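Next come two complexes, and both contain chain A; in the first it sits with chain B, in the second with chain C.
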Partner chain A sequence: MNGVHDMGGLQGFGPIDREAQERVFALFFGGFAGGFYNIDMFRAEIERMPGHEYLRSSYYEHWLHAIEALLIQGGAVTHAELQARIAELQAAGRKEPH
Partner chain B sequence: MPALPLEMVAPLLATGASTRMPNTEPARFKPGDVVIARNIHPINHTRLPRYVRGKRGTVRADNGTFSFNDTVAHGLGHQPQHVYSVRFSAQELWGPDASPLDSVYIDLFDRYLDPAP
Partner chain C sequence: MSHDHDHAHGHDAPLPEVVLRVKALEALLTEKGLVDSAALDAIVDTYEKKIGPRNGAQVVARAWTDPAYKARLLADGSKAIAELGYSGVQGEDMVVVENTASVHNMVVCTLCSCYPWPTLGLPPVWYKSAPYRSRAVIDPRGVLKEFGVDIPADKEVRVWDSNAELRYFVLPERPAGSEGLSEAELIELVTRDSMIGTGLPKPVGASA
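Here is the complex of A and B:
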């Protein structure tokens, strides 16, 4: 599909953010090994991100977006469960700032 | 999709996975052939970048036969076909101001290409 992901030749973007690479890669492989997606389904899911969200988020946030969407589609987790866990971790983070 | 058997996980992480398939399909092109990347705009996943569509390149190598990402992404089967390393000159892609010494090599599926007239 013609989307903002197809950036070959575009100018003015900075380097790739590598900070979250290890954690997100580990998540990716869990879902892949679990049979929830293949690499092409994963890439296609990233490409379906709304353009404004794609441009506002980092490279590995694109990965995380696709992993979450495909795990929800595959029935591994529900959207509500994911939101509840995020809220739980945020609350824990507020108690113990690091 | 079945889950990966546990004993396959470590080897896959160590070596990666290939989507190479048995070489059953005829090759439409050979090294040295001049081709034009199709000007197509599929609504699904594709590995054909927009900036080469409609551009003229030269086949430098036939990499062999691979599973077609565009269909695998949507559960439409492997549709195995040849993948070629195609050289596009920087001037073909970016115009006369680009360096005449530079070029871009892109691995492209058989179905993305037409013979140049």
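Here is the complex of A and C:
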């Protein structure tokens, strides 16, 4: 399928970034081992990302997007649960001085 | 670089929002008993440290010392690599391309980040980044220069685009002066990047 994921030859992305986000990688395995998706479902979910989101987010954010979507589809978590927990963590974060 | 204008968008910088999403997801999955954080740590550790480029380095050193193995490796990469015990997820179909005096090979996956896990471990972040994926195929010599690899103009550069089904692996040139070295000593000269083609093996004497 043609899409923005097909990056060969595109220009203007600047220098190459080398930072890692291990937890998303680990969560990928968690969902994979739990039988919630296979690699093709995972890749297809990333390729369905809207172009503007794909381009403005990092590689592991693409993974996170797919993991969230597939775990919600598979019934492991609900969108509402995730939103609620994010709000909780955000509130907790504000209380602690950084 | 001249492309600093989009820093504000930070397309490769993790946003705090992303960190929150990751934490929320891991917490929920842990509470539901769907993942075990310690098991996740073990997975990351295994792929980062145990399954790693050393497997690929062994393949390269064997090919340097055993001409019959090298012939098998170039004829059927998957099979020859499996001879040494390395196969599995993300490394089922391997094609080995040989660097020579006249050809330098490098590997990219323009579509996502396809990479041979059983031989090289996990892909480095730059391999998965938009700049590498997009530029490797239009300006391979420029990208190689950024990695400190200067390929003479009269040497051909071949760029191989890996995909979900088939992954390329570069057999680097054996370093000059390494004739007397054992397989174990040769392994030490083989770097991860030399098997992606964005680097060269260490020169003899550099690893000691």
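Everything that follows uses one rule, which is that the second predicted complex is superposed on the first by the 89 of 98 C-alpha atoms of A that agree within 3 Å, B and C clash if a C-alpha of one lies under 4 Å from a C-alpha of the other, contacts with A are read in each partner's own complex, and residues count from 1 in each chain.
The rule we apply is simple: a contact is a pair of C-beta atoms (placed from the backbone, for glycine too) under 8 Å apart; a residue touches a chain by one contact, two chains touch by 3 or more.
What you see is a predicted model; the values in this text were computed from it and never measured.
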| item | value |
| --- | --- |
| Superposition-derived comparison: chain B or chain C, residues of chain A touched | C |
| Partner chain(s) touched by A:D6 [first = chain B, second = chain C, both, neither] | both |
| A:I86 touches, of chain B and chain C: first, second, both or neither? | second |
| First, second, both or neither for A:F29, with chain B first and chain C second | both |
| Partner chain(s) touched by A:L64 [first = chain B, second = chain C, both, neither] | second |
| First (chain B), second (chain C), both or neither touched by A:A44 | first |
| Chain B/chain C common contact set on chain A | 6, 8-9, 29, 34, 39-40, 43 |
| Contact set on chain C toward chain A in their complex | 1, 3-4, 6, 9, 11-14, 18, 20-29, 32, 34-35, 39-41, 43-44, 47-48, 108, 110-113, 122, 124-126, 128-138, 143, 146, 161, 164 |
| In the complex, chain A residues that touch chain C | 5-27, 29-31, 34, 39-40, 43, 46, 55-61, 64, 67-68, 71, 76-77, 81-82, 85-86, 88-90, 93 |
| Chain B - residues contacting chain A, complex | 1-4, 9, 12-13, 41-46, 49-51, 69-70, 72-75, 93-94 |
| In the complex with chain B, residue positions of chain A that touch it | 1-2, 6, 8-9, 29, 32-41, 43-44, 47 |
